[in-house]
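Across the two complexes that follow, subunit A remains constant while its partner is subunit B and subsequently subunit C.
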Partner chain A sequence: MYRVLLALLTAMSTVAYAADIGISPPRHELVATAGETVVTTVTVLTTATLDQQVTGETSDWTMDIAGGTAFLATGSVQHSAAGWIELDAAAFVLPARGSRDVRLSVTVPPDPGLDGTYHAMVFFTVAPPPSEARGVGVITTTRVGLTVYVTVAGTERAGSELVDLYQTDGRELRAVILNTGNTVMRLSGEIQLRDEAGAVRHRLEVPDVPVMRESERELTFTLPNEVEAGFYVALALIQDSRGGLLAGELPLEVP
Partner chain B sequence: MIPPARSALIVFGLAMVSMVLAQDGRVSLIGPGPVSFTVTPEALAAAGDCSNCPAIDPDPGTAVALQVTRQNPNRLFTIDVLHDGWGPNVDLPLEARYTVTSADGATVFLSTSWLPLYTAPTLVFTQAAVQSENRVRVDVAYRLTLRGDEPAGTFVTRVVHRVRESGAATAHEVRVSLPSYLTVRVVGHTGGAATTVVAFDYAEAPGAYLRAVTSGTPLTPTSGELVRVEVATNHPSGYAVTLSVVPLLTSADGPSLRERLWLDDAPAHGRRFVASGPTEGFVTLATSASYGLRVEGDEAAGDYLFAVTYEAIRNP
Partner chain C sequence: MHRSLRSPLIACLLLAGWASGQGVHDVTVRIPDMIAIRIVGSGDGPRAVVFDYEDDVTAYVAAVLGDGRLFPTDVRRFSDVEVNSTRRGRWSVQVVATPLAYAGPGSGDGLALGDVRVVRGSRSGLAQDAIASQGNAGWYWADWQLSTTTQAIASRTGATRGWRSLGFNGLDYEVAVRGDEDPGSYTTTVTYLLTSP
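Take a look at the complex of A and B:
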């Protein structure tokens, strides 16, 4: 009953955008030497019809083997760049249907022991409006995160391995990639499904995802419905963005 | 008897004359381009938000003009336009408008409407529109009418203007740079500042509360100014949106209700929405009706307030 009333209310009234925030670009990949400061900007924008109060803050984040991210307090992870980032405005009013360029000054500490890629997230959050709801009230607001990678120039070390390629059940493949280098690597490429005659019957695209420094990443590939039952050889051809090709093959039977 | 060298010269001359007579028209660039569009994030975001947004003009200083010359008054020419395409899975809505004038620009013979350009030919004009002129100038204006979900990147195509009958053609590049963006927003009812609230007010409906306790069915919102929450990105990495629920006002006497606030069929806190590719426009993540409150009977009476934050990142 309440759902019907809500639907009717929705249909009868006009709507507007609130807690509306976007950024461009959503990721920065910076390179700097130890002791150097690099400056870049991010555009924070909105299509909301009212001015919005926005706060900016840095955060740490980690990525698990499946690609899930967790956000943590600044300075709480080993290769954090969060403490290196200074925003020119920690709080500002984002004008209606407008934008604001926020400047990031990223200073790599003058520490000769720093090497490879460090990372952080910069969040921009819309302050929620006040509420006088009775009972249990839920205010919804939004925040958007800018991913920042900072690589210390001249200290990069590449290296990667295809650790495993296996079939979990009939129609799922998994590949485990190890980044032995100290910089973030990104993946691309494909997995070819070849029939017994060696002809490529299907191609599965390797997604553009990161593998953090000195970490493993597991990718799951679900075979599309058009892959017929039968015997195949899966040939993984996975590109490391820093150069190099990771190859592996797996005989498999698709039920 | 004509010497062989002279006869060869005569044959060559006749061939040249017949070629000229056979030609239907010639087209050449006099304002050479290239044309470039540098799209701002604001323009792209605005394009995603309205169906009739202003079109995007090219960067300044990239004018294109053609000269079309009639070769044979007895054979009409037809000018077509087409382009080579933007690349796999990319379709940018490029349009052109043509103004055909006398060679000195003093007399306007024809102004077209905005013509969408495709990889297949589109007719621009025929010699019938400029019949008495041996040479005309054609000024080309370009624009992009973006939808807002175009992919990020720099895309280049080659626009070809050609004489349909002879295949004589001229070409120039059009380059479009589109920024990458990520946007998350709440759509709410107008009429007040607090446009994003969902409320469960069962103070006057104890029967409904008790039925929810005994049946295990979540309470549904009694009012909802929030209409929907949406996310959009044009980057191939896609997005990840994570919900966090923070209690702003709770009762000290009963359990925290944070874990009892649900979104569809799972607790709202920690809920994730993930996509591994760009969105086609805005994607709805939740509506007012998505929220539910799982009550167990041990809740303390009073008012509660939660802030639910939809935290969007591009897959890093």
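Take a look at the complex of A and C:
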């Protein structure tokens, strides 16, 4: 017992304090049937020249219409998968300039009422050191989040709409996409700015972002400076990752 | 060598080279999909910002009578915050802080977490290069107050092409004081979080 304690204390004393952490991949999109367990891994890595103590924990998260995320306690949101995830290590030492594979066991409850995509975040945080500051002290550290989507196989329902495409002021466009399906969708594509003759003068890339199940996402496109004043037609060609193209057009005058 | 024999001989040599496996091969490079964040600073110990005015009442009073700002007296191993993303999707950096922990003779009144602020590049002179430009590709905040609520401070669509600066370090922290703070020590842990949902 004494030797074990001594070894533990020795190990802890050799862990240095840096704040350098990464993961690969940053996102898992899993598919499983109700009652099934899927096992996957994420590699936690660092470029720090010192060993670091890292903790892993699951969290819930939500996304607002603008794409902003909020993190909440596990099990506090609808369609949470946070309680389904088990890590093989909740705390570990990340070796200097090294990596460690962390295994995730994701068990979908055997509930026939489950459908579509559920989601969670797994945080890996560099443990900050104890405070030694006098006065006002700010200790800083870093954390990365692994996004996990779990779709219940055989229950998927796709569907999406381009709800709105409008000009907010002279040089800004907004597109509102509605995901009517029960799975997460990702966006791609472009918005073409065509002149009065129909020629494509500019292309604005649609970012690779998610639209959560049964929710809306608003994208803002700022026209680049090289877009000259004049009349255009904005043609939105937005791809739904599950298949399908959302199209819409808007005549606009750029001042 | 007779001209009529030259072409068949070259063909035989090429064929022999191919048969021995010395002629052609493929090179495949696969780059991992990853995101990473680090606070730059060498050596062991905390990445910390310290405002220790306990023995410098003159500077404290001058700040209260002036613009109410105190600047760090010490910055430890915190010379930059950098991100690295190889993915083309959108990533975001958020910040969250723990409530101020107070140690002292009073009750810890007078100083709030929101009194600690970061003004990007204000004193460090750093300029961010992680976000290409404000607009469709990304955005970033010029300043923020610490909060226990997670708040986004930078976001971008696309890879960073290596480690890129977010444009601030410990020197860019400041504390707003009014002269009504309880004496003692106030400590918080600030976490910079990188996600790419």
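Just so it is clear, the second predicted complex is superposed on the first by the 238 of 255 C-alpha atoms of A that agree within 3 Å, B and C clash if a C-alpha of one lies under 4 Å from a C-alpha of the other, contacts with A are read in each partner's own complex, and residues count from 1 in each chain.
Definition applied: a residue touches a chain if its C-beta (ideal position, glycine included) is under 8 Å from a C-beta of that chain, and two chains touch if they have at least 3 such contacts.
Note that this is a predicted model, so its numbers are computed, not measured.
Peer 1: With subunit A superposed, do subunit B and subunit C clash or fit?
Peer 2: Clash - subunit B and subunit C, as placed by superposing on subunit A, overlap.
Peer 1: What is the contact status of A:99 with respect to subunit B (first) and subunit C (second): first, second, both, or neither?
Peer 2: first
Peer 1: Which partner does A:27 contact after superposing on A: first (subunit B), second (subunit C), both, neither?
Peer 2: both
Peer 1: What is the contact status of A:39 with respect to subunit B (first) and subunit C (second): first, second, both, or neither?
Peer 2: Touch partners of A:39: none, neither subunit B nor subunit C.
Peer 1: Answer with first, second, both or neither: which of subunit B and subunit C does A:204 touch in the superposed model?
Peer 2: Second partner only, subunit C.
Peer 1: Examine A:221 and indicate which partner it touches, taking first as subunit B and second as subunit C; both and neither are also allowed.
Peer 2: A:221: touches subunit C, not subunit B.
Peer 1: Which partner chains sit in contact with A:47 here, subunit B, subunit C, both or neither? Use first/second/both/neither.
Peer 2: A:47 contacts both subunit B and subunit C.
Peer 1: May I ask you to decide whether A:90 touches subunit B, subunit C, both, or neither, giving the answer as first, second, both or neither?
Peer 2: neither
Peer 1: Can you tell which stretch of subunit B bumps into subunit C once we superpose, 8-16, 80-88, 98-106 or 224-232?
Peer 2: 224-232
Peer 1: Overlap of the subunit B and subunit C footprints on subunit A, residue-wise?
Peer 2: 16-27, 43, 45-48, 61, 63, 67-69, 71, 121, 123, 125, 128-129, 131-145, 147, 207-210
Peer 1: Within the complex, which stretch of subunit C touches subunit A?
Peer 2: Contacts found on subunit C: 32-39, 41-42, 44-54, 70, 73, 78, 84-85, 87-92, 94, 101, 111, 116, 134-136, 146, 150, 152, 157, 170, 173, 175, 185-197.
Peer 1: Could you please specify the touching residues of subunit B with respect to subunit A in the complex?
Peer 2: 40-42, 44-46, 49, 152, 179-191, 193-203, 220-224, 226-227, 229, 232-233, 235-237, 240, 242, 248, 257, 261, 272, 276, 288-289, 291, 293, 303-316
Peer 1: Where on subunit A is subunit B touching in the complex?
Peer 2: 2-3, 6-7, 9-10, 13-27, 43, 45-48, 61, 63, 67-69, 71, 97-99, 119, 121, 123, 125, 128-145, 147, 207-210
Peer 1: Hey, which residues of subunit A end up touching subunit C in the complex?
Peer 2: Within the complex, subunit A contacts subunit C at residues 16-27, 43, 45-50, 61, 63, 67-71, 121, 123, 125, 128-129, 131-145, 147, 204-205, 207-210, 220-222, 224.
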